[in-house]
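Data first, discussion second: the structure below is written as structure tokens.
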Amino acid sequence: MCSRTMASKTPVGFIGLGNMGNPMAKNLVKHGYPVIVYDIFPEACKEFQDLGAQVTESPADVAERADRIITMLPSSPHAKEVYTGANGILKKVKKGSLLIDSSTIDPAVSKELAKAVEKMGAVFMDAPVSGELEGVGAARAGNLTFMVGGVEQEFNAAKELLTCMGSNVVYCGEVGTGQAAKICNNMLLAISMIGTAEAMNLGIRLGLDPKLLAKILNMSSGRCWSSDTYNPVPGVMEGVPSANNYQGGFGTTLMAKDLGLAQISATNTKTPVPLGSQAHQIYRMMCAKGYAMKDFSAVFQFLREEESL
Amino acid sequence: MCSRTMASKTPVGFIGLGNMGNPMAKNLVKHGYPVIVYDIFPEACKEFQDLGAQVTESPADVAERADRIITMLPSSPHAKEVYTGANGILKKVKKGSLLIDSSTIDPAVSKELAKAVEKMGAVFMDAPVSGELEGVGAARAGNLTFMVGGVEQEFNAAKELLTCMGSNVVYCGEVGTGQAAKICNNMLLAISMIGTAEAMNLGIRLGLDPKLLAKILNMSSGRCWSSDTYNPVPGVMEGVPSANNYQGGFGTTLMAKDLGLAQISATNTKTPVPLGSQAHQIYRMMCAKGYAMKDFSAVFQFLREEESL
Amino acid sequence: MCSRTMASKTPVGFIGLGNMGNPMAKNLVKHGYPVIVYDIFPEACKEFQDLGAQVTESPADVAERADRIITMLPSSPHAKEVYTGANGILKKVKKGSLLIDSSTIDPAVSKELAKAVEKMGAVFMDAPVSGELEGVGAARAGNLTFMVGGVEQEFNAAKELLTCMGSNVVYCGEVGTGQAAKICNNMLLAISMIGTAEAMNLGIRLGLDPKLLAKILNMSSGRCWSSDTYNPVPGVMEGVPSANNYQGGFGTTLMAKDLGLAQISATNTKTPVPLGSQAHQIYRMMCAKGYAMKDFSAVFQFLREEESL
Amino acid sequence: MCSRTMASKTPVGFIGLGNMGNPMAKNLVKHGYPVIVYDIFPEACKEFQDLGAQVTESPADVAERADRIITMLPSSPHAKEVYTGANGILKKVKKGSLLIDSSTIDPAVSKELAKAVEKMGAVFMDAPVSGELEGVGAARAGNLTFMVGGVEQEFNAAKELLTCMGSNVVYCGEVGTGQAAKICNNMLLAISMIGTAEAMNLGIRLGLDPKLLAKILNMSSGRCWSSDTYNPVPGVMEGVPSANNYQGGFGTTLMAKDLGLAQISATNTKTPVPLGSQAHQIYRMMCAKGYAMKDFSAVFQFLREEESL
């Protein structure tokens, strides 16, 4: 629930109207915010024009008209371009503006952007989103979780907007820690999903019934979200991608991307991540072998299925 | 609770009175069973003599005097020796005897032993124990979980005895599936523990507070037993080995041993286990680098600490 | 060349007439040795009957009639059966016999067999063969290399026979070291082959011409047999499996088997082999994905090719 | 040998006078080139002042005075700063200048720099150096190998200078391919070095004499530069770092850095490098465990030595 007075409802900019950005921006509209949008693909803006949003020509234009902006972009280079490019936000950002980046990017890039934003007298926060596992549906329903990094005094201002789009808004610490939390979670998720797939596959080959094995793991120390909530073995659970030929959910390509970010962060901080780097390689191989668009739990299928060339 | 009538309390043999076997056998005594014991180290038997148990000279002797026997041995070769060796159980086993092996061994060896036992007209079940994480304490309190493989009709007979030593007795399927369930669980446990250590370490290096990061993981898709119940980072939880310099718990050597069994099973069944095999190597390196006797959650320390030679 | 006097040409037993055993045994015949053969598949013996060899009914029969025996078997269990089984060599082996096992098996099993053989007053040597890379052709041409483990005083006696089948006969040390040398070589071979495939693939993707890259590697510190003699990239070299759709050569299944032996030896000796174990997993995955019968250099194709499901 | 006429000996700029840059620049002086130097540490320039070189205040200053410049810098960010920074080369570069970067950096950064240089009407080539294995000595003796990427027409001009510093100058292709060749070689080198260390360690544990095992590998398919020229096992060869407590040679930190570049390139091109990424993790762990300043062949020691905490 978002219970602000109309008084606070000055325009909010939104840049990046893709799969996740689209329903997020719509939730702002639903909550009564005047929204000023931009997307590199003009068609993505049309729908918002019909909803009464102002459509602009560039990130700079958005920055000229709104002093609160949310960005939702696919990668570090896109984020750099939108903030610091030739027609980027920083060309026209107003002093005191609040810029919230919900993209999942390298935390080191978040810190760079924050510095550049600060120089202009504005505030930057990173607020990547989890909940992509339930995908667009969760975004539509406003069921996302935001992990927020930035100056603590500005957290409440950010929370006001983020609460319209997500049910959980968690303060993580200084700039970049929102990204850090997301990246660490997804790295652990990838590792335990592959581990679950390996353990279930091995157990089945050793003669165990998959449902029984899942039950045993889930009452034991092997229990994890991937085994008890999102089991990758068809027939063990309902309502998860493994029950639906690995359609929907969180794509293997996206997982590979997040693991790439984890590797960059690990290299920058000289942190050993032996299983994290192996998980990265496995998801990369899966992308090359036809699993790119399947849910990341399809690693069970990748490890299990035998093919002949 | 074990509520048998005294009628059923014919003698029970117990072979292998080590760290786990000792408290298990004592629980049988407590439940009123006449116990006939053997251990390769005579001193291990003394205590039981004082408790009124009969002490024998060999596994064969035990088999001569008891038609229900429980074995608790450190490895596959020990188990082979106790069953099929020169003075092994099979030299004098009586027809119809029930032989329950609670050792953690290669499921293929369990199957071999089962075949040899069957030839003698007796019944073999594998019933490895989980709960070593809480260690000897859990064994003493009778809080173990037994995962049982073997002919289903004999399960109740086995359960009568196992219930005296463990609060959970789970039927897993044909012979060897008890071992399989245990091995799969522990492989997944090792993978998710290392994953948790990597993710926590990376997050801390990126500026996150460890307690906060654990909280975020535990409400997200990275959640696992290693993060929410047995967190490897000192200061995050109380009452776990990481809070006590990794004393107690489940030793790194034992984890390395179980991962070795998982590798053997994976090789026998040609199952790919890329993270499981890497986890095996990591625990092996830890054993060589001074972590052998520490709890397996010390992988966090191994990955985190910087040394100079 | 083998230049013994006929005096020494008492009968030689040969057990295991498969892909490699067949041409090896024929080379003994060519060198004038009376040969006494056994194979579990009677058809495999026919050809030898036509060549004047004596065909027997069991390994024990061979041992009864020959005091020098060569065995060439596919795996550890087969070797155990042939030596210590119900109709095994040891049932009728004569004192002072020389038993040479050219199978590639676990060195720990070689040691076990050696002990059993010694008890009967005979001599056991392990003498696995390299040169399978050139396959049956090398065996036919007598171009094999034998790596021999066993008592040094008996080495010359073994060499007399082995020289008829191979151009190189190397003494490695006590029993089991022949296997050890072979296993270590093949583990390093697998690692450097995968490394070559990764490096070539990465270089090509970064815009390098494959031939030029191979040339640079081969004059630099990355040089290895897999890059300079057996390059896995089609078009770089002629006369190697990569030039012929990965036909011929050393099959992926056989490499996976040898890597399994390396893993067992590493586990027994608690030796960390992080890349060796990963190489094992990669060849196992390749076996499952249709590469089983291709040469092991096809790992380049496995890593490079993009598929859609 | 460098046999240019004095006519061509217009001044050459040299930026970056560290361990490798220092002897490289001196070789230019020896060959009669007037040299204009800059280093971020003024002390590094002193020696060159005494040799008659002109010392400047910034990369821009160098660019103002020389139309051929060689740069030798420790990492991608340093290179970016020197070329495109506030006082960077591009601030004052003359049209038609030839800029040769001998740093080892991300090939994608080389391409970026090349684009920026081209916009100013100058020419950029990447020419990383191999031969660091023999280290400063090779640089001093002019025994380096340069791998050159850039427009082919300009290769001869670059070669004129590079030949003064290295005995081998190889044209690799378009901009970035010099880096690519270097990175691919070093990734394969790391993999085969670790593989050699694993194989030698396993063989020794299985009872083989290290010298004999090295000899066997070197006449077999496991042969590689790390086994036959730079063997990591003390006592096997003389004149290599393993014979001298792993002093000298190519430091573990530098190898970890190059493997990091390989990972970045692999991620950018979506190339699977399972062993390359594992090698990266192993060298990273070694850096944390006190091996940072030892030669990279010390991975043998890391894998072999047993410690107690």
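Just so it is clear, A, B, C and D label the chains in written order, and each chain counts residues from 1 on its own.
As a working rule, a contact is a pair of C-beta atoms (placed from the backbone, for glycine too) under 8 Å apart; a residue touches a chain by one contact, two chains touch by 3 or more.
Model, not experiment: these values are computed from the prediction.
Considering the contact criterion stated above, the chains in touch with chain C and with chain D alike are A, B.
Of all chains, the one whose mean C-alpha position sits at the greatest distance from that of chain A is C. Both chain A and chain D derive from one sequence, and where they touch, over half of the residue numbers involved are common to the two copies. Averaging C-alpha coordinates per chain places the centre of chain A 40 Å away from that of chain B. The distance from the centre of chain B to the centre of chain D, each centre being the mean of the chain's C-alpha atoms, comes to 51 Å. For chain D, the set of residues touching two or more other chains reads 271-274, 278, 285, 288, 303. The residues of chain A lying in touch with chain D in their complex are 260, 263-264, 267, 270-274, 277-278, 280-281, 284-285, 287-288.
Of all the residues in chain C, the ones that touch chain A in their complex are 274, 278, 285, 288-291, 294, 303, 305-309. Against chain C, the residues of chain D that register as touching in their complex are 107, 130, 133, 145, 147, 168, 170, 172-174, 176-177, 180-181, 183-189, 191-192, 194-196, 198-203, 205-209, 212-213, 216-217, 219-227, 229-230, 262, 265-266, 269, 271-276, 278-279, 282, 303.
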